[in-house]
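Note that the chains are named A, B, C and D in the order they appear, and that numbering of residues resets to 1 at the start of each chain.
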Amino acid sequence: MGVIGAGVMGTDHAVILDRFVSGAVVSRVSDVDAGRAAGVAARLSGARVSPDALGLIGDPDVDVVVIASSDATHAEFAIAAVRAGKPVLCEKPLAPTLALAAGVARTVEREMPGLLSLGFMRRFDPVHVELKAALAAGACGTPLLVHCVSRGVSAGPGTTSESSITGSAVHEFDTVPWLLGAPVVEVAWHAPRCSGEVDGMQDPQVILLRTADGVLTTVEVFLNARYGYDIRCEVVGERGVLSTSGPAHVVRDASGMRSSGYPADWRPRFADAYRLELQAWVDAVTTGAPTPLATSRDGLIAAAVSDAVITSMSTGGRWTAVDVGTA
Amino acid sequence: MGVIGAGVMGTDHAVILDRFVSGAVVSRVSDVDAGRAAGVAARLSGARVSPDALGLIGDPDVDVVVIASSDATHAEFAIAAVRAGKPVLCEKPLAPTLALAAGVARTVEREMPGLLSLGFMRRFDPVHVELKAALAAGACGTPLLVHCVSRGVSAGPGTTSESSITGSAVHEFDTVPWLLGAPVVEVAWHAPRCSGEVDGMQDPQVILLRTADGVLTTVEVFLNARYGYDIRCEVVGERGVLSTSGPAHVVRDASGMRSSGYPADWRPRFADAYRLELQAWVDAVTTGAPTPLATSRDGLIAAAVSDAVITSMSTGGRWTAVDVGTA
Amino acid sequence: MGVIGAGVMGTDHAVILDRFVSGAVVSRVSDVDAGRAAGVAARLSGARVSPDALGLIGDPDVDVVVIASSDATHAEFAIAAVRAGKPVLCEKPLAPTLALAAGVARTVEREMPGLLSLGFMRRFDPVHVELKAALAAGACGTPLLVHCVSRGVSAGPGTTSESSITGSAVHEFDTVPWLLGAPVVEVAWHAPRCSGEVDGMQDPQVILLRTADGVLTTVEVFLNARYGYDIRCEVVGERGVLSTSGPAHVVRDASGMRSSGYPADWRPRFADAYRLELQAWVDAVTTGAPTPLATSRDGLIAAAVSDAVITSMSTGGRWTAVDVGTA
Amino acid sequence: MGVIGAGVMGTDHAVILDRFVSGAVVSRVSDVDAGRAAGVAARLSGARVSPDALGLIGDPDVDVVVIASSDATHAEFAIAAVRAGKPVLCEKPLAPTLALAAGVARTVEREMPGLLSLGFMRRFDPVHVELKAALAAGACGTPLLVHCVSRGVSAGPGTTSESSITGSAVHEFDTVPWLLGAPVVEVAWHAPRCSGEVDGMQDPQVILLRTADGVLTTVEVFLNARYGYDIRCEVVGERGVLSTSGPAHVVRDASGMRSSGYPADWRPRFADAYRLELQAWVDAVTTGAPTPLATSRDGLIAAAVSDAVITSMSTGGRWTAVDVGTA
């Protein structure tokens, strides 16, 4: 198994695979910064550094590939791995633009269908899995409305109004149709008062999604919410409401307050989701079963929703149809 | 004190005034159904039935008037009471249409400013009062977004898509500017998939409000939510989030579940709010202080927001400006 | 209505009666500190100061009496009021010792049964009332165990290990049999590690109660718990568990935490209970109905439990029988 | 790796090791019921059945041993594995009686110190780990009191009052000293009213523990609580209180209730704990590091506490000293 990219996500993936995933052996790590790759390899049992991503992909000691390098490189490496006939798990997004994502998806589906899996890890988050099961079991009746909240402590450097959509809200664009079993067909974007604590970007944002079943979803994305990393999802149905609760924690009574902590970012919040996703992927690769992860087609669809939201953003918040194209 | 209307609200007001409000004596009750009025009077200590509303207003044993008759009659009785120089507490709405509400508000403000109070009882709900205080104290920083949810078990007979707005969502139209200290300037209405359990009306509905300070508010109104009466409000600010929690209750662990009950309707949920509102009004009337309740002007403003939402509803969900007119 | 005692409780009672209780007029206030009495009287509409408690009791303008003076004076004033034929609401405890409480109870029951009500206000706390109703409705099946927690921010000056029992835990000694419908027959007292933040008293304390139905109750009393005023009650039954949740409040997400506030002391926590208790008492006195409050007999029984706990405290924590005597 | 015992726990361990633990390969399974062993082996990748436990221990394809057979067999197999020089993870209890447990612990510590790990999995439950860390960080100040609750749906067949102690409460006997860093020195046992739904055993039971630091712990054990599997721990300190909250879940609003589910038994509740415990053990065995799990000495100490509780049970609930002996 080779891991491309030794940044935050690549390191996490490599360490989780090495320490917590049964049946996985990380043999190669590569990064544009060779020192960084060496640092990660040193933390693993028996991994070596590959000089570059394409070399890693071609290495006979690498059977499967994880891509966690910078967003702009995903497409090239994904296609290379697929053409080498090696199963690949690519971090989202498939590509920074809809056109590029469509190209990758088209190539993969034509040449090697099913070889590429996409890292929409929420599909493996236990609470989201339980939500989907409860929904399927009719626990709230037919769904009518969904309310999603996606808040973080502070946006990374260089985040823009657009990259809030393609980098963060894109998770909801995958989660909502996955939960409902219906694609997003129309979107609208709205801007509340902008936080005075951020510069050069609109934050928070409110996005409306309409799925093919008529369900309306409200998505709040607020990357500089300061107080903590907080992902919420509530499904309102004909006969009840289902909502996710926070992860288990210790409750503290002190100083006049009952309080419990929020995670600082997505890594503790979704640690189980990442581990279970990687385990499910390794299991499927090992047994030759179809991937239970999101596919390149799912990535293309989410990219098309992002694209429509950005169009709505630039046209005064108009309802905008989602166009996946003919891919 | 005279109470006009012996339906659900009129009966509740009369009983609360008689049994739980210090300084209030209900001496007269009237209703279009004299038998119903007699039934209420019999539950009170020393009240008699007036033959009709105008007779009650003119009765020398009546110093102040509570109007809880049907919505269409509010305007006439309110003006009559004000012209008789008697302080009046009128249930919302001031009038069923914006034009009529504007007429009442204009008359009251011109002839007897301050004599009319309007029953937006949430302003006295302890949790909402605490929320407003926390907001004012900066507990979440500058507000950016508000999320309101207004759910009931089932809409009353005859409820329409429009009367969901004028009769229910109007509470949010008063609460949000009261919380934020900024008027609603623009609204948009959206329809999710409609519950198959209702006929002839859109339910749920999603309304967006933009206040003069740029804050965006999402309002979900779902009158046939089945599971219970559930009013929620969450204010998202630059440095944190404030939200209302449910009223205190007994928690039950049984049959594999931890559960707690929802109230069946607004009466148990807002019992304290009604009592505190009536007490505050009686205290102000007794001491001659200005009313701490909503005024006819507040009622007019809320009616103007309702009117704009209904316009948006009939024009495909377009953003629609709120026009209070020159009243 | 006359109020004896113008300290914290007396002032609260007088103000609640004057401002929030229907049918009550406070005409006289007395206190050992006449200036303090005058201060309270000035906050009320139309009350005057009585020179002393016995004068207040004898005043023809006083029909009913509230006793909220220091604990040691309750017995004398209660007997005087009862002998004057005036309904009296006496703050707990009836008397500082079991022998004295027995004397008062005996006198009252012999001479004027039912004229004395005792201020165990938890019987009117909405959450406790709901708990008792759920228990009676079989919501948890037959009760087997009760866990009570009684925590405060800091004990008042002069509090001792013994007065923690007679002044605080005595509320649980009344609440538990009221909930279960069975008297406490046996008690045992245990001392955990003592908080280093207090001097000269054991705090916290753990008390076991066994009621006649075999139910075992654990009571934690911790008067210097620092973090807030926190009263909890959990009933474990054959088929489920019922527990009280905190009062409604605003929830705050900030600084990495989700938090909600505790009240600082019993007054905000039990504001509703005090109001409803006073209203129920005034209503019963007005209509001549039997008091729905705790009686002198209930006070005697609670005093007997306190006495047994203090005996257990002084004998190494032995199980000690409760002896109400022949009163 | 060989797994002895193919019952519920043995199967779970084998499957978790095979599917979710990095670095573990289960090569052999044994059980008194060979068919049952074969059934488990068939679910694993590459495991075979050993004819019996001692054969499995001696098999050169087995480097380390997991013992999950019936309680009475733990001692013999543990000693055999240790004498074979193979690291062994033994499910609790070490032995059904204190004398036997002392014998095992003595043998292990004398011959092969550190080779035996004991399955007190709560030490790896993320919420308990977080609780211990918060305690160590001073989040509630010096601990004074602990309240533990251990409830299950229904006791297994053959459970007795005594085996409730040695099989269930023994977890608290390990957890409390692990949290506090102080051994239990004295215990007392009390019986509430017994549930009418069970026969031939006392359930619930209440146990008091006093640790060497003076902290008093109340433990409620209720194996037939019906409503769900529910483990709670609350530490009351000089400056605040820390308590565990339930695991994350989906919240449902329906039928007048807000509700969330309890697990049916310990397996879903402690799934993470078991996985993390097994991973930590495999990691330590692989690297030769000292075991981070409970040791045979810990097992002996917990057995001594159980023994003292049973003595208290048979002597009317007297405080009974814990005697670990000279092992």
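Basically, a contact is a pair of C-beta atoms (placed from the backbone, for glycine too) under 8 Å apart; a residue touches a chain by one contact, two chains touch by 3 or more.
Given the structure is predicted, the values throughout are model-derived calculations rather than measurements.
Student: If I compare contact pairs by residue number, which of A-C, A-D or A-B overlaps with B-C on over half of them?
Tutor: Match found for B-C within A-C, A-D or A-B: A-D.
Student: Among the chains, which has its CA centre at the largest distance from chain B's?
Tutor: Comparing chain centres, D lies farthest from chain B.
Student: Taking each chain's centre as its mean C-alpha position, how far apart are chain C and chain D in Å?
Tutor: Using C-alpha averages as centres, the distance is 43 Å.
Student: Taking the mean of the C-alpha atoms as each chain's centre, how many Å separate chain B from chain D?
Tutor: Computed value for the inter-centroid distance: 56 Å.
Student: As a quick test, compute the distance in whole Å between the mean CA positions of chain A and chain D.
Tutor: That gives a centre separation of 37 Å.
Student: Specify, in ascending order, the residues of chain A that touch 2 or more different other chains.
Tutor: In chain A, residues 226-227, 239-241, 246, 253-255, 260 touch at least two other chains, as defined above.
Student: For the complex, give me every residue of chain C touching chain B.
Tutor: 18-22, 24, 126-127, 130-131, 134, 139-140, 239-255, 260, 272, 279, 283
Student: Of all residues in chain A, which touch chain B in the complex?
Tutor: Residue list for chain A touching chain B: 141-145, 147, 190-197, 204, 206, 208, 213-216, 218, 220, 222, 225-227, 236, 238-241, 317, 319.
Student: In their shared complex, at which residues does chain B touch chain D?
Tutor: 226-228, 230, 246, 253-262, 264
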